[in-house]
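Each chain carries a letter (A, B, C and D) given by its place in the written order, and its residues are counted from 1.
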């Protein structure tokens, strides 16, 4: 059973903790967060401690609470706190931070020389598959009309990052993206391929934040089978698919 | 411009003729059908003859009306009429016959030694992509629940062959396929992947029979870049995708 | 069996003729069109004549070929050709002309004093129901966010008239309508009601032009039960529903 | 501002409390539940007490904490606890209990002689609209094929009560209902009307349990404008629509 430490205990972090703590392939050993107030353990899982970063020595902590992988849903700078220990101990990293600067990414790349690192701003399995499938169909049928429609809750301020990412991947102009803000929709993404005599729709619906946890669990499993290096979520998917496709060739 | 001869002038054949005659990449030279009554040329395209098989010598005909490829939407036995000429002249074959017996398929395989042959019971681009994408996601996420829903016009007698093919490809029991018969729906196929916290839907809607023509046109183009041999539509898609994926590796 | 005469034999007219000729409630007696060339009878129905207007005396024609109702899918001015005869004989009128001027509409209103007249620019049953249902939900839940999405074939030049009509009926700004042009979609209209914790979608898909025929058949049946007067399709629906709702009260 | 007391603090009750406490039209004064342990006030709303039933005198409580309406999401027998006080004081009742026996319903009917009572097993606004709209379209177009599809999370044991209710209302056989169990879908209901040349789909998606609160808030507002009596949610909708439709006649 792979031992996991989780950085971050915000809304996404809590959802991920919830998923990993209930996945029989993993043992969630601890959660670390910036402030150390309130509860000192996971809700409903008193054996899993939630500790504050303040005054903590990462080396000591890992000696006493060793893990095989760190999952990071906290903040860009966290990587500097655990990076050297990760490298020295060969701990894997699955990071879902979207706010990395080029410097952060350089640092991750460097870590990738000594251990396995996956970094991706969107770690949802379904969305990443949608991206991949849309890219494939776009490659197969560049003559099809493509429209991207995303629907989210009324308050969401701007075009979803995922929709922009899809447009970018498919090399579509921004005006191919329609954003609708209606009621309390959690997250709906649809890519429509219009052919002269048929239509293909690829649709993803988010139900709740725990989807990040499913993605993290998938990434951990795939990354464990890779060589050292820095990977994106897309790389892991392609890696899996390429094996699959080539083995059938 | 690739010169094409079309076998078959039933409902599907007419739709395919219509598409190929309007595709600038191809020159539809003639259409052949069993009975030779009625019109002697394509509707709206008087320069394209529609001829009956009766009493026709295929060798003479091809001498006078040479083509680069034959597209077959007629009947299983037609292949024996043109097979030897095809082989001798190195003419490509794109066949959408679904009723081939094992003997027919053996014969096609033999033809594949001397020329390029594609045979597939469903030649729709969108459906074949759906199959491929569903297979990929099934491979990536075998733990997701999968349901197949197909909706067709009231009179369609049994479960759609496409839905059964999807179930077979995904190694699902038949009870994972739901067939709804409502009004005049042309053809709707949906594969639902249910994850704990998200849903992915792959949906194909047929608008009209001409979709077969788009598929035939795609197959002709791809087959032209293959080596001699017998291929399925799926092979052509994978061939295209593998090039795409590997070139990016 | 109600005897019907059809004005207009363009694409919509042909589709309507096709539906009415196969509906056991109606007997399509004749079709009238502007030019009289080509075939003198309905395709596949040699007993139903298709006649040209030129040189025809409407009174004589109706003496020899009497009908209970006229269905008009031709042009705005046609009403002046048959109006007086219709009035004198008490023939019902179901008109689907969208280009009527205020003068035409005044004339229809006048006809409505002596006979039953229904005039509506969109005579599709499903679209009219969509309009009605959307209006009801808007009335019940004015606080819900509403978005209208329409999808049509690539060449369709502007926002669909139906979508504009829905927006107008729901008193929504034009920017609540999204028009997507993709491939060969015949006609897809969707009204999305977004509530904080749930979503309601009303969706209409056109399959083919014959839907106009189903609407005309419905209008004929309902109009036959109304008093003299000028009605819209919406009036007929409300009439039917009101009876239904009140009878249960 | 209408003063509300809420019975029940299970999953649904908590969600309803959450909605009512944030709706400016209402003042949620207190929540009552069977057991009195844990928190003595609403989460994030310390001014709203959550009290246990044990040892409580309903008359005394209402003297000190008067309300205009009671919303009941607890259990069938609760109505006997507050029924007499409700009657004496003319307090309105909105009850979402689905497990009422005929005796309970008789008691509610009796209460309806002295005050306004609404009782409905499903109090979701969207679902009730779906039922109504489906009933209307069924009445308008009895010749259309109808199929009901419901999709829920994998563990949901049997056909959804809502789907069965729709089938019953539309007088459809049970085999017109398809139940799919996939992943973690909260609740998806779709009624498909298949016409020969068009399709109408009415779709409801639940996002979260708080939808019950929106329904309760709607029921409170509508019930306040009714005469004394026992109503269903459907009655309230029809009441609103009938006014709407008749006023336009």
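Going forward, a residue touches a chain if its C-beta (ideal position, glycine included) is under 8 Å from a C-beta of that chain, and two chains touch if they have at least 3 such contacts.
From a predicted model like this one, the values you see are computed outputs, not experimental measurements.
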For this session: Note down the smallest number of touching-chain steps it takes to go from chain B to chain D.
Result: 1
Problem set entry | Copy-to-copy rotation for chain A and chain B - C-alpha atoms, rounded to a multiple of 5° | 180
Exercise. Measuring centre to centre, with centres taken as mean CA positions, what chain is farthest from chain C?
Worked result: A
Seminar exercise, completed: Taking shared numbers over all numbers used, above half giving same and below half different, the chain A and chain C interface sides are same
For this session: Look at the interfaces C-D and B-C and say which one is made up of more C-beta pairs in contact.
Result: C-D
Problem set entry | Approximate Å spacing (C-alpha centroids) for the pair chain B, chain C | 38
Seminar exercise, completed: Between the Cα centroids of chain A and chain C the separation in whole angstrom comes to 52
Problem set entry | chain A, residues touching no fewer than two other chains | 183-185, 193, 195-199, 207-208
Problem set entry | Residues of chain C that touch chain B when the two form their complex | 183-186, 207-208
Exercise. Where on chain C is chain A touching in the complex?
Worked result: 144-147, 149, 151, 154, 178, 180-185, 192-199
For this session: Please give the residue numbers of chain D that touch chain C in the complex, ascending.
Result: 19, 124-127, 129-130, 132-133, 136-137, 139-141, 193, 195-211, 213-214, 218, 237-238, 240-242, 244-246, 248-249
